[in-house]
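Starting off with a structure, shown below.
Per-chain numbering from 1; labels A, B and C assigned in written order.
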Amino acid sequence: MEEIKIKTNNRIELIDIADKVNSILEKSKIKSGLCLIFCPHTTAGLTINENADPSVKSDIVDMFKRIIPTNTNYQHAEGNSDSHIKSSIFGSSLSIIIEDSQLQLGTWQGIYFCENDGPRQRQVWVKIISN
Amino acid sequence: MEEIKIKTNNRIELIDIADKVNSILEKSKIKSGLCLIFCPHTTAGLTINENADPSVKSDIVDMFKRIIPTNTNYQHAEGNSDSHIKSSIFGSSLSIIIEDSQLQLGTWQGIYFCENDGPRQRQVWVKIISN
Amino acid sequence: MEEIKIKTNNRIELIDIADKVNSILEKSKIKSGLCLIFCPHTTAGLTINENADPSVKSDIVDMFKRIIPTNTNYQHAEGNSDSHIKSSIFGSSLSIIIEDSQLQLGTWQGIYFCENDGPRQRQVWVKIISN
């Protein structure tokens, strides 16, 4: 597997890592299969969404903040229960089809690392399964 | 990979595509592996849930509408931020086990295309990875 | 594929099944690939989150209860619409990288079966795809 390093700059933000995933796929020379992207953190996740208008990202972030407030009657003492909950809602992995040596994404799709408890140095793991 | 075409009829609805996925698997002659179903749209998603009582579908749709209102202080100018957010919560792909040439689903499980900004002509991509 | 049996004890709870998944991987002798974990129930799901402080689990469960109340204007007559909705939010499968014959999880990550309508006897299916 390969590792992508990500430096996040805010407590909560979405960062498009599609270019980095594409670079890994290119080096692999795999023509057909599946690309598994995995987030090894429990206060961050992964999602696919629009990469054209940046306000889509901020609307997602804002709605997640509204649904899952940072401060409420949480028991976990580290003060980041909202980050754990958001991460379970986004999910910790993405699977994308590889065909003709290309990641098969829709026209408007970006691959987002969802930082829910930054800023931090993060990593994402990528495994390519050939078919 | 194979493509499934879907014509949606409402702004928000769940459409069972299990039969179409099964047809693709049948033609592939693959006996064992993984079926990856991918939604290339950013205002639609995929989920697995009950296919017996149709009120389960409508309860899911209604609760998503309640949690993520269509009209609130969104910044994205297209008026479909709720559709983007719902899509990230459902997720853009499903992975299902193939064994004995069959999709391994539970007794009550259907495979739903989650239209969050229809009606539209949509597509879903299916990739079968043999083991 | 292999089956994990799970006895749940509460209506809603998260149960760590990482040890059981690891046992299956060990027996498989697979060194590199992907581990697909699938939940065949429509009122239960799967998620990855922190396995150190048990209050993370209870905070997740409590927030899900708050966002998706058990009793509201649901149409589904079985009284467990909340369980179906929660299951679609958690998701029905997890994909984890296998490298060096090991499941590649982050330091704090556990693999949780999300019981949303227990207590019941449940099962989870595990398929290992070698690369």
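Here are a few things to note about the model shown:
The definition used in the following text is that a residue touches a chain if its C-beta (ideal position, glycine included) is under 8 Å from a C-beta of that chain, and two chains touch if they have at least 3 such contacts.
Source: prediction; values computed, not measured.
Taken as a graph of touching chains, this assembly is fully connected, with contact between every pair of chains. Overlaying chain A on chain B by C-alpha atoms takes a rotation of 120 degrees, rounded in steps of 5. Residue numbering shows that chain B and chain C use the same positions for less than half of their mutual interface.
Computed centre separation for the pair chain B/chain C is 20 angstrom, with centres defined by C-alpha atoms. Touching two or more other chains at once are residues 34, 67, 89, 91, 95, 129 of chain C. Partner chain C is touched in their complex by these residues of chain B: 33-34, 47-50, 53, 55-56, 58-60, 62-64, 67, 89-91, 94-97, 99, 104-109, 129, 131.
By the touch criterion stated above, chain C contacts chain B in their complex at residues 1, 34, 36, 38-42, 67-68, 73-78, 81, 84-85, 87-89, 91-93, 95, 125, 127-130.
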